[in-house]
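Just below sit the structures, each encoded as structure tokens.
Each of the next two complexes has chain A plus one more chain, namely chain B in the first and chain C in the second.
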Partner chain A sequence: MNELIEMAKEFGTKLYYSFFRHRLDNTGLTKSKIMFSNVLLHIQPVKIHKRSVKFKTTMGLGLITFYLFLILSVTGILLMFHYVPSTAIGPDGLPDAYSRMLNLRSNVFWGGFLRNMHRWAAHGMVAFVALHMLRVYLAGAHRGGREFNWVIGCILGLLTVFLSYTGYLLPWDQLAFWGVKVGTEIAKIAPGGALIRGILLGDTDVGSEALIRFYVLHVAVLPAVMGFLIAVHFFRIRKDGGLAKPADTSKEKQIPDEEFGEVKNNSVFKSARSYKLVEIVKGKEPKVNEEVDQMMFAWPKLIVRELIVLLGVVAFLSLISVLFDAPLEGPADPNHPTNPSKAPWYFLGLQELVSYHGFIGGIVIPGILAAGVMVLPYIEIFFESFTKTYRKNIPGVWFAKERNLENALFIGMYLFMLSLIIIGVYFRGQNWDTIYPWVHEVTGGGH
Partner chain B sequence: MIKDYRILFILALAGFVLLGASLFKAFDQDFTKHQKNYYKQLDVEDYTVEIKQVNVKTPGKVLIDRCQSCHIGASNPDAAGFEPPLAAHPPIVPGVEKDPHDFAKIGCVVCHDGSGRDLDIHAAHGELHGWPAPLLKGEIAQANCVRCHAMEDGTLAGAEHYVKGQELFLEKACWGCHTIAGISSSSQAPELTDAGGKFSFDYLVESMVDPSANIANSKMPTFGWVHDEETVAAIATYLKGQQKDRLRSADSAPIGYIKPKSDLARIDSPSVAAGRSLFAGAPYEGSVAKGGCVNCHAIRNSDGDLAGGNIGPELTWTIRSRGSKYVKEHIVNSRSHVADSIMPTFKDYNDAELESLVSYLSTLDYKLGSKTDGPKLYDTYCVSCHGEDLNGEGKIAAMLDPLPRDFSKYQFVASYDKRFKDSIRDGVKGTAMPAWKDIMSDQQIETLVGFIKDKSLSGHDGFRRMEVTLPAIGDKERQDYRNKGLVVEAGNPEDGHEAFQKFCTSCHGKLANGKGPNAYDLEHPLPRNLINAAFMNQAAVNDARLYESILLGVAGTPMPAHDHLSDQTILDIIAFIRANTTEEAK
Partner chain C sequence: MAKTEKDGKSRRELITLGSAFGLMGLAAAGTGGALFKYMFPVVSYGTPQKFLIPLDDLPDVGDELIFDDMKVVLRRQTETEVAAISLVCTHLGCTVNRVETGFQCPCHGSQYDSDGLVVGGPAPKTLPWLEIKNVPGGQIEVDTGTSMPEGTFYAVV
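Then we have the complex of A and B:
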């Protein structure tokens, strides 16, 4: 009998070690191995700076954005099983694409929930991209060798908006059609915009060709590009030494060491903490200074905290999706514009600007803002080089005094866009007249 | 660290609960509850809860119909007393043993619209924003009878509400402006042949009750009957039934599909009684009524009691002031006399019908006594257009073009004495102002003018207008005042056109039709339509008047003085305006 148990144990051990290459105990070696011998190493290093897990450092904004991307990928693939990008009129007298939306709502088990998740996650992702960018700037994390990663981040932001926008058309209802129509009409104003619009739509107007092109962009092209750029974005953060942090963090209040879990020392050198020497990065000498004390194992604290954020996002999105249904209006009808016709909310600031002046509001201002924000770190460097006003750059510190001017301008720009969006969403009624949401019902889209 | 694990655990739990909630929501559908309740009430033990789906195949499409998942008792007579949604459907065709409509075959959406495949009540009933076909409840569903059925002899058993709407469409003279193929032909207002296919029932109701609700600059009048909900609902039901996209063709209609009768019984010998019926929009001796003047025009009986619509001018005096020839022409094509009239063209009337109408109108003989005082005269003859306050905003004024004269602008009243009386006596051609000389004596006209002047000028100091005379062409004494030394020549229409584009178009419009871009910001009175041939070619509108009006402006109106123009330019502009209207007259 005992022999049998022994054999079973041996089998179990072999099985376990075929999956994992480490034990599960509290030793530093194991903690290192959990990261080092698993795919986790591709995302996170073995050891991280203590401040990385502090809520205040990032507020988890970039992570939330990434999780939303994952959720969108999963729900999106599930939705693809039920969707046809066709405007052909089906036997029920409705365009196929729209008919599929009705099916999701009524026939497909759990279909409504999936669509809600996808819709709300998409809007959430645009919002969190913006918040993440705000955080990075206000914490000065776009400087100190990370300038190009900022540019990649900006491209990712634009991709997010474009992904959301291409997805907006797919339900082929009035909201989708006119929302996209408004956006593509704005594109016409730009020099060369008519050509780009023509390539995107495959036609002179939003129609069946546009639906197919938007679909392919939405499910294949853009996610692939996005996945690749996310990899580059993450890789560069790792190579830049993790999250941006000031040179000296010894004065900062950190999460106490006990919180990171006990580390059993099974080394033969009982007095020394040999694992400190693990941290060798090319081009830098082994870290033997104060900072080494600030480094902690990524397992389990960081991984658990990241899981917390993931579960938080899933739980919150589920709650929203159970409570609120994604909008679906009547089938797209090019002959009957909704009044007002509103683009999705992230374009409503633009639409509001266009309502004042087509070229200046639709092309010049947003063009300057988008291009300006993308090369912002280089503009800063340019001014600092040519005016010789070197400011001490303190990466990873919120609202550094040295950067008050920049931060104020950046916040001002956000407030400007935010107020335009709020005006566009809530204070615009028929014929783009000013309304008050507490007096009139707000209609026309935007969500 | 333990704290983190706890948070992780709680969130995992919350995530599972919420995912569970989403699954519960997907499972927990109303029809399950309804079906259990239904079988319980019927004391059926052995049943399965299931989605009841009917696929209604029509030549054009398939209607997916799952309504009876909730409305499960629709065709079960035992469920007659049940609460909705379980109750049996009341009989559709009155007085038959077994109703020919089998819901197991035709479903519900065919008649009631909504979204047949949805199981959630709000989605299924089409209550979500923007759904093109919201649920039609009760009688309104009769709108959809004609999707399959023909209207034999204009009636269909069980579609009384729809038939009533059809009659009202004729009686209320909707047909005068709106085309419905086979019923009427008019280009005045949007065609309604596919009204039901394009618009929802609520939209149709709203468009009748408040025409400008959906189209801000709608010209459709607000009729007096719009406050009668039953009338509006019946007409809207009829309109909802007008759908180009029908489910059955002539071959497959359940009841014989007879083409609508386009040539209705007509009146072939003129009589006063026939005219009265036409006027009232009532059927006359078997002919389906196609009249309804009374919806827009009011008349007075011999006691002076006024009745009728407030949209067009009162017709009590029309035959006496206009003559029967004018009235007949006006019915057939109102724009031949008044260029901007909104009155529909009733070109389908035959001679007998026109004659009947004229003879009926000729019977109206109400007249005031010769001793009547000013206020009474004004209140009888003038008030409906010129308004109680003499401000030109009488109850029918809004639909008239040009607008009635505003006497509260005392400058105008003070300026034109002779023209004032002439206008009353002879009327103003090309406008709604008739000649009153056959109705009022000269004495009465004097009294009336005196009354208006007293009322308009009281409280104001006098107003004196400059006097100018039309420059005589080639007169050496009268030289062009700006280009001193030049002798004025006959106006040149081409130079006038150029000057008109420069100085006049902002109000009078590029076409000189009085609808320039600034005209929309002006109030009563609006810029004159200068291509209104009937107006421009009457004797009272001579070159002297045009010259005076251009040079000095028109007192009490937005027309300003143009004393910066040279005499020659003004003469050119007059020549241009004249050339327009003679062209028009040809």
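Then we have the complex of A and C:
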């Protein structure tokens, strides 16, 4: 009997070590191995700075954005099983794409829930991209060698908006049709825009060809580009040494060691960041002793915290998706726009601008803003070089005094966009006339 | 001697690198151009630009009639004079609504008078007046791709 147990144990051990390549104990070696022998976990470093797990460092905004992207990928693939990108009129007298929406909503088990989740996650992702960008700027984390990663982040932000835009065409309802109609008319007035419009629409006007093209962009091209750029974005954070932090963190209040659990040190280098011995790291000297008290193992504290954020996001989204249905207007009618015809909230700022002047509001101002924000760190460097005002750069610190001017301007830009969006959502009624939400009922819009 | 050898080596390296990246660049440029042409539409599956109306379907004298699918309003001034005005907003392409004062766009609030002249909002141009031709078989042909000066009426028989 004992022999049998021994044999079973041996078999079990062999099985375990064929799946995992580490033990399960408290030694630093194991904690390291768990991280770098797992393909998903090895994206993160074995040891991270303690301030990385503090809420106020990042507020988890980038992580939440990434999780929303993952949720969108999963729900999106599931929705693809029930969707047909066709405008052909079916037996029910509705375009195929639209009747698939009704089918999802009323017949398919979980269909409405998944569609709600996809829509609300998309709105959330646009919002969290904006919040993440605000956080990065106000904490000065876009400087100090991270300028190009800021540019990649901006491209990711634009891709997010473009994914939302191509996505809300797919239901082929009134919002979809007129959103794309107006969007591509804006493209037409840009220099060389007629070509871009032709390529996007595949026809002279919005129709079945446009639906196919937006569909392919939405489900294949843009997510692929986005996935690749997310990888670059994360890779560069790793290579830049993790989250941006000030050079000296010894005076910052950190989470006490007890919180991270016991680490049995079986290393001969009692205080070394052992993985650094095999890495060649840029810098004056290997930082063996100075920072080491402020480093912690990523396993399990960081990983658990990340999982908690994921659970929170999924739980919150599920709740929202159960409580609120994703909007669906009437089937696309190319002859009659709804009145008012409003885009989703994140485009209403643009729509408000466009209502003053097509070219200036639709091309010039958004173009300058997007391009300006994208090269913002380089503009800062330019001014610092030419005015010789080399400011002390304190990355990773909120509202650094040295950056008051920049921060105020950036917050001002956000407030400008926000007020345009609020005007578009609440103060525009039929025929885009000014209304007051406390007088008239607010109608229309993709919310 | 050693120096020239080194130079020769770096030159050879440069040529190798240059041709490798150059060929790759050429291939990428060619593919990009071809893709552009591939993506560019050659056939339109959409609504035709010109459409026919039988003379019997014309509005009464002094009245007008809206053709929804074509986004055109047909206006009859006298027994033989007819004009067609496009209902596509010159701002960003929404379909304007006929209202008492003229036309109004629900998307961005452009306003036109009943001749299509801009009286308010972001619209940059007058609503296009369209060309009308007489075609055999008691029909007229309206071309939605044209833009005539406002007040252009056509004689129909």
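The criterion applied here is as follows: the second predicted complex is superposed on the first by the 423 of 447 C-alpha atoms of A that agree within 3 Å, B and C clash if a C-alpha of one lies under 4 Å from a C-alpha of the other, contacts with A are read in each partner's own complex, and residues count from 1 in each chain.
Throughout what follows, contacts are C-beta pairs under 8 Å (C-beta built on N, C-alpha and C of every residue); 3 or more make two chains touch, one makes a residue touch a chain.
Since we're looking at a predicted model, the values are computed, not measured.
Using the contact criterion defined above for the overlaid structures, shared-chain residue A:Val322 touches chain B, although it does not reach chain C.
Of the two partner chains placed by the overlay, neither chain B nor chain C lies in contact with A:Ser86. After overlaying the two complexes on the shared chain, residue contacts for A:Gly312 are found with chain B alone; chain C is out of touch.
Legend: residue contacts after superposition of the two complexes on their common chain; A:Gly330 is shown touching chain B, with no touch to chain C.
Judged by the touch definition given at the top, the superposed model places A:Gln44 against neither chain B nor chain C. Applying the stated touch rule to the two superposed structures, the overlap between the chain B and chain C interfaces on chain A comprises residues 338. Interface residues of chain A facing chain B in the complex, by the touch rule stated above, are 91-93, 102-103, 105-107, 109-110, 112-113, 173-175, 258-261, 300-301, 304-305, 307-308, 311-312, 314-315, 318-319, 321-322, 327-331, 333, 338, 443. For chain B in complex with chain A, the touching residues are 1, 3-5, 7-8, 11-12, 14-15, 18-19, 21-23, 25-26, 60-64, 66, 115, 117-120, 123, 128-132.
Taken in their complex, chain C has these residues touching chain A: 36, 39-41, 44-47, 49, 68-69, 71, 91-95, 97, 104-109, 111, 121-122, 124. Those residues of chain A whose C-beta lies close enough to touch chain C in the complex are 178, 181-182, 185-186, 195, 198-199, 201-205, 207-209, 334-341, 351, 354-358, 361-362, 430-433.
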